[in-house]
Structures are given as C-alpha cells and as structure tokens.
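To start, the structure itself, in structure tokens.
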Amino acid sequence: MSGGLFIGRFQPFHLGHLEAVKFILSKEPAVIIAVGSAQYSHTPENPFTAGERVEIIQRTLRGSGIDLTRCSIIPVPDIGEHRLWVSRVISFCPPFKKVYSNNGLVKILFEEAGFDVEPVPFFNRQVYVATEIRKMMATGGGWRTLLHPSAVEYLESIDCERRLAIIMKEAGPDR
Amino acid sequence: MSGGLFIGRFQPFHLGHLEAVKFILSKEPAVIIAVGSAQYSHTPENPFTAGERVEIIQRTLRGSGIDLTRCSIIPVPDIGEHRLWVSRVISFCPPFKKVYSNNGLVKILFEEAGFDVEPVPFFNRQVYVATEIRKMMATGGGWRTLLHPSAVEYLESIDCERRLAIIMKEAGPDR
Amino acid sequence: MSGGLFIGRFQPFHLGHLEAVKFILSKEPAVIIAVGSAQYSHTPENPFTAGERVEIIQRTLRGSGIDLTRCSIIPVPDIGEHRLWVSRVISFCPPFKKVYSNNGLVKILFEEAGFDVEPVPFFNRQVYVATEIRKMMATGGGWRTLLHPSAVEYLESIDCERRLAIIMKEAGPDR
Amino acid sequence: MSGGLFIGRFQPFHLGHLEAVKFILSKEPAVIIAVGSAQYSHTPENPFTAGERVEIIQRTLRGSGIDLTRCSIIPVPDIGEHRLWVSRVISFCPPFKKVYSNNGLVKILFEEAGFDVEPVPFFNRQVYVATEIRKMMATGGGWRTLLHPSAVEYLESIDCERRLAIIMKEAGPDR
Amino acid sequence: MSGGLFIGRFQPFHLGHLEAVKFILSKEPAVIIAVGSAQYSHTPENPFTAGERVEIIQRTLRGSGIDLTRCSIIPVPDIGEHRLWVSRVISFCPPFKKVYSNNGLVKILFEEAGFDVEPVPFFNRQVYVATEIRKMMATGGGWRTLLHPSAVEYLESIDCERRLAIIMKEAGPDR
Amino acid sequence: MSGGLFIGRFQPFHLGHLEAVKFILSKEPAVIIAVGSAQYSHTPENPFTAGERVEIIQRTLRGSGIDLTRCSIIPVPDIGEHRLWVSRVISFCPPFKKVYSNNGLVKILFEEAGFDVEPVPFFNRQVYVATEIRKMMATGGGWRTLLHPSAVEYLESIDCERRLAIIMKEAGPDR
C-alpha cells in the first residue's frame, strides 16, 4: 500500500500538521509521517525525543478518528550531509512514490532524486507554527489550543513547560 | 496506550516473530516492534533496509488480521556503544513498561536500566531462524513457507534472492 | 570510594571551580571531575583540549593542597544526543551516587535518570566566569588573577593568549 | 613530486583562488588543492558538493592553461575535532612539505604539527570573496565575472542560482 | 568532460588496475578513479592511507605514460551504510555517467540508483590480486613485479614491508 | 609533571599491568594510564565500561600502595582511523614525552609521530593475559588470583561472571 511521504521534525505535531495529514489521506491510499532529526531532543529547536513525538502523533491521529492503519510513523535520524539525506529517508521508510512538502530544500533534494514533490495547503499558517508553540511552552502561554487535547494531556504528563523553560534558558552540557 | 517492547533486527520478519507479536498482544494493550540495526542493509547479516523491514512487518501483520492500531513499528539505529543502547531505544520509541526478549544481552542491558524483561515462547524454534532463512534466500531454497505470503510477495518484487546471492558472495564496496 | 560527580567543560578551570571542588569534598569521600565536550578544542567555546584541561585541573588541585587521591579527573566526549548523555557520563566515569550542578539541563537530564542533583554554592559568581576569562585571554586582559598560579604558568607555556586571539577571530578550517 | 598544500572550502573556487594556485606553482613543483569540509553541501556556507567543487576547480585550471599534471585535487571531509584535523589532511593527501594559507587557525594547527606555513598574496581581496559570491548567486547578482567562464558554464548547468536562493532562505530538513 | 567511474580500495594499485584504467580510457573521454574506504589505514585490509594510495596511483599513471589530465583521483570515505553509499560517491566525485566494476554489490547498488554498470576485463586475474600482494609484502615475498616500478620505489620509501608485517601480526590499539 | 604514557584497553587491568606501571614509575616522574577503546563495553573483547575500568585501576593502585598523585587515568575513545589515533591520544591526555608499549602497531604509529617508544618488561607473560582472564570469567574459572583483591571485590559486586558468560554467548542487540 504505497503512499505519500510527509516529512517534518514535528516539534511538536500540531493541528496544522493534522490538517496536512488529512489532506494527503484524501489524495493517497496511505501516508508515511517521517519524524526527522530523530536523534535530537532537549534542545530549543528539538525539545522532544523521537519517541515522544511518535506518541504525540499517535494520540493526535487516534483522537481525531484518523484510520491509523493507513499511517506509518517513522523516525528518521539526520545524516548531517544533505546530499545523502534523501537516501537516508528512503532507507528508513516503507516505499513511497510522492513527497508532500512546503519546504524549498526538501523540494530540491527530492526533485534532484527524481521524485514528484507537491505542496500541502497551509491550515491557518499564522497560527500553527511550531517555533511559536515551543516559545509559548517555555513561557507558559496559550499553546494548548494549538494541539490536539490528547497530545496536550501527554505533554502535561511529561511536564513539557518545565523542560522548555529550562532548555530555552541554558545551553546545556553538550555545549 | 503504553505497551510491551519487542526488539529485533527482523532480517526478515518471519512467522515465528508473528507468533511472538500475538503472544505479547495477548498480554499487553499494545506492542512496540523496534527494528534494530536500522541503518544497515545489503550485508549478509542485515540484507534489508529498515524501510523494507517495516514494509514486510506491516504486510505480515495486516495479512494476519492483527489490529495494526495496537502496533507501533519503529526503526532504531545502532549507537555502537552497548552501554548507551537502552537510552537510544527509549529515545526512539513511544513509552513502554515491559520488555519481551529471549536474548541474554538485551536482558541484562534492560535489567541494568531497571526494566522487567520477560521471555517470549519460541514458536517452532528449529524452523523459524532468520539466519537460515537468509541462507535459503541466497541459494534459492525453501524460505517462502517460513514467511507470510504477503511478505513473500513483497520480497519477490524486490528480487531478494538475487540480492542475497550477491551479498553473501562479496564483501562489498564498504570493506 | 564512591563520590559526587562534578561536571563541566572547564574552559578553563578557574578559582570558582576550585571552590566548588572543595565544597563537594567537604560533603563526599571523593569527587569525580568530568571534563565534558572532551573531543573539542581550538574553538571560541572550547579552546583547550581535554588533555590540556586535565593538566590545568591537576596543577590547580595540586597547587591548592587538595588531596588528589580523592579526585578522579575524567574526560567525557559529547555524544551529540542529550537523551543519551547521562548514559555516556555513567559509562566513562567510576561509580557515583550524587550529582552536583547549577545547570538546569544537567539537572533535568540526571533527575530523569533517577539521580539526586544538588547545587554548588557560587563563589563570586560575577567574577569567575569562563566565558569572560576566554575573552580576556583573547585580548590580553586580566585573566591571570582568576586562575591558580600554576594553571597560569602552564597556560603561558602553551601561549594561550595567541591561540585565543586567533580562534576568536577566525572560523577555522572546519567551518 | 612533493608539493605545497593549498587548503580551503572553495565554495566556490574563484579567480582569487586561481591566482593563489599560480603563485604556489611558481614556487613548488606541484600543488595539492585540498577541498575541505568535503562532506557538506546544500547549506548557505557550503552550497556545493565536493564533487561539484572538484569539477569547478578542474574546469578553471584547464580553462586557464594550468598544467593539470602538477595539480592534485583532493576532497578532505571534516573530522569535527580541530586537534585531529591536521592528521586527517595528511591521511587524505599525497605527501606535502609546505602549507600555504592566510587563515590563522590553519596556521597554528599546522605549525603545532611542525609544518612551515606561508601566506599567499591576496589577489584583489575586496573583490574575490566566496561569502559575497554566494550571496550574489542567491540574489542573481554579478557573480559571473568573479569566476572563470568555464566554471560559470558548469554552475549554470546545475542551476546554482536557484539552489542558493532556496538554501539561503530555508534552514532545511536537517535542522 | 564527463567520464567513467572506476571504484576500488586500491590497497595497493597494481598493474591489473592499470590495465583497467587503460581499458576505460579507451572507451571514455575521462576516468574518475575513486579511492574507497578512504579513511582507513594501518589495518590488514587497508594498510595504506588514502593519500599514500593517491600517490601510488599518480606515480603509476605518470610512469606509464597515461594522460593524467584525463584522470581524476578522488578519495571517498566509507559511510558505513550501503544504501547511502552511492549518494556518497556521487557527492564526492565530479559528474560521471557510467560505472565500471566487476563487483556484484557495486553493480546492484549503482543499478538500483539508475546507473549503467559495465565489467572491466580482468588482466591476469590469478596474478594481480591485492589481497595476495598485501600478504607478500608482510612476508617480504615477490610483490615488486606486480606493481609499477615507481609505485614500488615509493612503497619502499615508506617501508611498506615493515608496516604490513606488523599490522598483519597485531590487532592494534583500536581493537 | 610530564610523564610516560602507558596505553591499553585494560579489559581488565591485571597484576601484569600493575607491574608495568611500577616499572614506568621507576623511570618517570609520572605515568598516564590511557584506557583505550573507552566507548565500548558489554562485548567479548571489551566487557567493561571505561568507568568500570578506571575503578578497577584506581582500586588496584590504591590497594598496592602506589602513589596515586603520580598517576593520571584517562579514558580515550577510539577514533576508528589509525592514522588519526595518535592525535586523539594526545588530545585527551595531559602532556607526555615517552610512550611505553609492547604492541607493534602502537610503536609504529607513535614513532611515525616522532615519539620514543620503549617496551615494558613482561611480568609472567604466560599467566597474565587479559584474553584468557575474560574467558575464565565467562566460565567461572580461576581468574581471581590474577587481579588485585580489591579489583576482584569490585568485579564481584557488579557480577562480572554473569556478564561475561552472557556476552561470550550472544552477539547482542547491536549485531
């Protein structure tokens, strides 16, 4: 059941991402949600582990009545070399024929590799922005309405606001 | 929906693995099938990519009437340092409480990290052995009855016998 | 002789760090001084090699009359994945039970792994700041009074001011 | 035929670099042009692959009538640890006795390893600046006169302006 | 001047490799000699550094009257993941259209990526075997007639027999 | 206090190693005991973590009345490229002038880098062999008399016999 690839870091997966998945499922028999930069966590850009992100996505899809049997959620670690990245994605994901992305670099890398790349319509682009959501978490602001309630429930169980507040303030032991 | 972790390389996922998944699902609300050594492929020990292995597992589960919504299939790349491997698995997988494995090293590594590790009953242990299945593929022998028919169909579509025959014969460009 | 862990990059180890070691030794039978980001050197953030940092620490402790037999000085290279970093520290260091740190990320990472984390009292926090010391070295300013005289002597023998001046000015061949 | 080492990222190789090669060939029997940061591409700092950079250099030298048999063009991937970088360069390049560089860090790293390091005279330093050339490419500006015509021809064949415009705008899938 | 790719580890480059290069140059305007596993040295399988191998190849080609301006000699480090290896080769090498190889794995990997792969006729296959040449070096046997005299001269200057004798006997510090 | 370098994997540190340290301390003001292959553990060749090995060495030296203030014990992770390994050792260790080793490869690598390398007299070479000690641990045999009693006490506290028995039997999750 070959499908469309939807790739992102999903830090975190919000309702805009959910709309994109619905859009792709309206066009394709299946969707592969590739969770990029999978090895990173506890940084301002990548606060959540791949496993936490998978959990958030599963809860959001399940809670929204999406048919999970049409969705593969696959962590893909960065390779650190853009020219090899498409091969890394292919290596980790079940077969796909088309790529859905609004990112220009994703577009040229996959096009250079011979793939069709289609945009996904933005759902309320000004509101659903992961960068802003991470900042709201760090400061305790109104991020809850931008995610699915079951994702919010999980994020509260791991005390995401405390984690974000800390990692946005300190460079951390690896620096 | 926290579940049990079932980890292996699944080169390839055979009917013995399927029985193990059924066993875990009889005990747990969900199973996380972690596809280890995810970055390797085209070697005698690891002939298939993580993506190909995910595809084989999805087809096998779907073809066997397993409820896919209770299963997460997660590629986990090796870290190359055993002492760090449990953290790598935790980092890539959604939350789990118990580990199912018959491998002694998996057992001590997860036990050192504070996890319960339970064995899975072997299903026809003399017959369902991935190492033997790979050898059979390389020589064209009777591997087809040891995998699910829809996995066999996929493996034939990627000409697995030719690949195995070649990689069992040659060290390859990386050596 | 299990002890307390004191972790930092120590670029360089100054008199504030020395006070922290004394504080830990007043509470614990032994201290493990873990030299983080051990593989890096010759950058603005990490000008000195792990070996040079070990030498500076040994000279400072010896010159201050600290009982060196109660101190382990252990380089710990970064792993690049925060979720695996505590396991890396454990893997490289002799056993420890408690962690001493004022860094929020160190605190949450070790707490998530089940460790007690205690702060160390800052010694003259406005004065003893490694970032400022590195800048002073680059511009020839008054860094000498902030380090132990035997550390200063060693740093002069490797011409630290010239190195800092250069690496603060140029991105270097690796960029 | 031992020669002089000329190391850079050559993103891209421009007429100032060409003059430097001519200068070195006036002093040495041969030149090794080491293409640093070889593994990176499709980023604002490193837009071109090592292979593309080798092609640009070969075309520039050939088009300028330089004796190619006196030139080795060698990609050298970064090691990520400055203290090991000189060994990495030595490991990848044919033997050399002298290093030509205007970069301060290259100078101290090679000097610490016992090499003579000589500066190369800048050719029109205000004009031939790779950073500026990359910006001009991104905005379609006047970069063509700063490179050799046969390099320009190649860069147009791979649509360098589109690539630069995109990668200067977006962080890319690896971030 | 797009050409044919000839890839190997060249440990060391012998007269059989030279004949293969001549064959490719009889069919193509240019040849790219990709020196694989470039980062390794001082092991039984890979005794010589990439730089030493480049030097041996340059001397052999020059000493045989081959037109060096038609040859690119490019070190390519292993990536450790076969599925990504073709992308790595493409990333490091100037453009090529056809691949010449007798290795089955090289053949399937490049064919999967859409390349034509042609065999090279073996020149005295029983005699020119790099594995045997390395063994002869370790025991002081008759390897000299199997390499070009100017390669032999260089290998003697770096005392290859001593190196091979030692590394064939001991596992080394990295094991 | 510059000293002599003594490098090994110390899996585990036995009474033969202790004699070597005593020998070096009879010749040098200080010794740097570099614990190589520091990142590995839980394998047949490298069963113990670097931290465990440091603990064993510290207990052995302390228990033998060695002046610990003359000893630095430094974990050094493998770099995977022999030609870079000496630089890695230098980068991680405090300054040293002479190297003590009986390993041929260590000898040529350090000699190529300009160091004096001296052998250490073997102490009962047939008896004190780490490879044999690991096998004895796996089978419960008489390894205890070959290590210092306080090292034995520690190794029993981490149940080394169980670990060795398991890792000698199974390839582990990383394979």
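Note that the chains are named A, B, C, D, E and F in the order they appear, and that numbering of residues resets to 1 at the start of each chain.
By our rule, a contact is a pair of C-beta atoms (placed from the backbone, for glycine too) under 8 Å apart; a residue touches a chain by one contact, two chains touch by 3 or more.
What you see is a predicted model; the values in this text were computed from it and never measured.
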Pair of chains joined by more contacts [C-beta pairs], D-F or D-E: D-E
Interface residue identity across copies chain B, chain C - same or different by half: same
Identified repeat of the A-D interface (over half of residue pairs identical), from B-C, D-E or C-D: C-D
Distance between chain centroids, defined by C-alpha means - chain A, chain F (Å): 45
Centroid distance [mean C-alpha coordinates] between chain F and chain E, Å: 36
Sequence positions of chain C contacting 2 or more other chains: 39, 41, 49, 79, 81, 83, 90-91
Touch relationships between chains, expressed as pairs: A-B, A-C, A-D, A-E, B-C, B-E, B-F, C-D, C-F, D-E, D-F, E-F
Residues of chain A touching chain C in the complex: 39-43, 49, 162-163, 166-167, 169-175
Of all residues in chain F, those that touch chain E in their complex: 7, 36-37, 45, 78-83, 85, 103-109
Parts of chain D lying in touch with chain F, wherever the complex brings them together: 79, 81, 83-84, 86-88, 90-91, 114
Sites on chain E touched by chain D in the complex: 1, 38-39, 41, 49-52, 54-55, 58, 62, 68-69, 72-77, 90-95
